[in-house]
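The first chain written gets the first letter, and so on, giving A, B, C and D; residue counts start at 1 in each chain.
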């Protein structure tokens, strides 16, 4: 008779239920953590083939070194060492449009393009190329950047991209989104006049969309992956801090100029 | 020649390194997500036995239904549906001393007690009971609650506790922290005059400490686990929101009384 | 010779400078807090007339009772009572597109419309009405809602709106944004077929734009105002908590249905 | 008949009430923003003398240049420029024990010391010195640092401290907390063997306690003050970003060393 319907979990004095299963009896020791995360969002248990691709995506997105997000988490720990949750939250809050957003934006762009076509998804490369030509041309005309295309560091190719594609193919979950994304990779140089790499974050978005996740959930997985990376940074910061040195550098190198 | 030493990850134009390994070549498709999280914090790869216990802990802590943390995440999405990272961060910020803190506090209490003993850790139950008697008696004298003891809902026993202990024993990672925690379970009724359950969050803290994690990292794992649960809540909120109904209920049931 | 240019503040062993002034000697005791906030963002000190409107806007936006944002802050305190900054941050994170965003969105809509006109801003009501007719018609054709129009509770008129407008007029800072917003209020019923109130958040956005603030700074003031309101809620929650009762209600009224 | 009692605010179709007053009719245009913040937490309107000290405290705490908190907010904006609330929240989350916590910790230390004395507060300097000698001696014996004593930059004296004390004295709100804090300033050199400055954050905590605020609310005011400063940094970052340069510096200066 409740007002708030949920299918995630509940508990009473003697039992804890998660996703319709007895947590201690049926899940703990039987389900991996990545598997549980998939299940919680997809509302279905992944096959082992799907899980392999999904975990590879999470591993691919977990860390990229001393990013703005990792530095922000470390500086937050400098000021509030007692609040791990604050440092983690600060790091995740940088996971917006410019960095982690790519995963979602790319998945959305591909899903929208596929949905805009009447009938079923294309079945041969020529049809995917045709659709890709339309997308890239429209983006060029509107002077929009295509999400997933280009990388500030991996200009010659993001090394994560072929691995995701290979794993998806091996696992039988290579689908319309990855296929369209590869087509964009093929056709864009002729239209844009330069060759940009398909970046890893975008490829991960395409793979997650091929796994059947709604596009509005994709950024969440990028954040979950990044949570593991940030815990690594936070643990390292606890052992051997760099936050105070970054602060000192910025403070020492600041150039104060009163507005006139 | 850098100023900021890190052992987590870095990348250059052609490669991405994580934990000293080539991310695309050696980790993606080879390492599970839970495994990577362990490795990032512990700075060593877990054995499969360790990993089984570790993932069971993460699964045990992932969700506990519509907790304050889950409700806060959902209400934040009500106000800022465009910012998944904001909703997730709001949910994690409730992971403080009263809820998720138990995992860390219990691990710390056990580690401190073991460290306070001269010589190696006890080897028989009688010695653990003796140490436990001292801890419980001191807490009672100081009118402190012992972290990990008692649960608001699972008053007769937290169903996660025996599963964690069994998995740790089966996997060969049952160590001094879990053993001392079990001793506290045996001796406290005679001292406190009532029988309290060893709760799941505390047991998870003991198990993580037995896996060798420094106590200051334990809350981080509770937060990682909770991230997966919160993503489930956020995805459900996107499909079938309850935030507006909670808001309406609170607003309608509010009783405004001007201060006099 | 620093790399990081800033005009906000700096300090050395003997002095603290803020906005080019000696903080202890020239600002403390001489500048109000609202005045300082204006100055920090506008990079110029407000006149007393401007300040009166600015503070009225902050007062107008400070609180609206037990909103999702206030409830989220209180629930976060339930879980982490030791972290005031976490509870405040959680409350602010709900200040997104749906609630506090209106202030910025309305200011931006008005500024964009004024910027789209060649030549100087209109000077008589007829010209403002003409521009307003274009904006409302375009929004209707595109099936967009106009930010600042309509309110879920104050359906017959937001009582803050006429006060902001009157204060702006009295203070001599009633400008093109408020004037265009009022024109929208006049012309929209004939175009949309129903009469919607100009809401307070939108009016505040128009007033801030008339004060000369860039539109990308407007949400920040809504957040500053809300910070004061949230501190009131947090202090009340510390004295007389409702978070546990909200949690209990939601938990008790939850309806768990396993997905099938 | 509501379940959730509140004395902050509520609204219905025609009116908005805040603190028992009609918001548009009695507060907007009549109450300053700092005044409202005082009132929301204290539940009483300040006198103009109290308000002068209170606003000077907020001005004193608003900014201290490119602190870890300001850098974290700017880096968060680098990653998520669309989410002002995320950048602000990230900045506030660094307002923990090490920086902003001093205001609360110092107020609490003084309030606890005064409460520990039987009878009314001391009335002459000799009695305050006696109490201060006890506090400093106990802290020294326990090897605790006294909050509010010492500053990393203003080693010879924090220039905010005498101004707060003078304003409090002029306004007639110089009370037991500031008086005890000054006594600590007089007596500690003989006990500790070195002279440390009374820092500004601690002095602000003493002044807020003298204004009658409960100690658990003090950190909130430090956060409110910092919100204004962070909005200044965020607006400057929008105009003339330094986040990308900080990121580039850290990345370029990082020294990756695989764990062995």
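Here are some notes:
Here is the rule we use: a residue touches a chain if its C-beta (ideal position, glycine included) is under 8 Å from a C-beta of that chain, and two chains touch if they have at least 3 such contacts.
Nothing here was measured: the structure is a model prediction, and the numbers come from that model.
Annotation: the subunit A:subunit B pair of sequence copies touches via predominantly the same residues, more than half of the used numbers being shared.
Each chain gets one centre point, the mean of its Cα atoms, and the points for subunit B and subunit D are 32 Å apart. Remark: subunit A and subunit B have CA centroids separated by 24 Å (rounded to whole angstrom).
Averaged C-alpha coordinates give centres for subunit A and subunit D that are 38 Å from one another. In subunit B, the residues touching two or more other chains are 3-7, 9-10, 65-66, 80, 82-83, 85-86, 89-90, 93, 95-96, 100, 242, 246, 249-250, 254, 256. If you sketch which chains touch which, every chain touches every other chain without exception.
Partner subunit A is touched in their complex by these residues of subunit B: 3-16, 18, 23-25, 27-29, 31-34, 36-37, 40-41, 52, 55-56, 58-60, 62-66, 83-86, 88-90, 92-93, 95-96, 100, 153-157, 159-160, 162-164, 167, 214, 216-217, 219-221, 223-225, 227-229, 231-236, 238, 240, 242, 245-246, 249. If you check the complex, the residues on subunit B that touch subunit C are 65-69, 71-72, 75-76, 78-83, 86-87, 89-90, 93-101, 242-243, 246-247, 249-251, 254, 256. Chain contact summary for the complex, subunit D toward subunit B: residues 1-7, 9-10, 17, 19-20, 43-44, 80, 82-83, 85-86, 89, 93, 250, 252-259.
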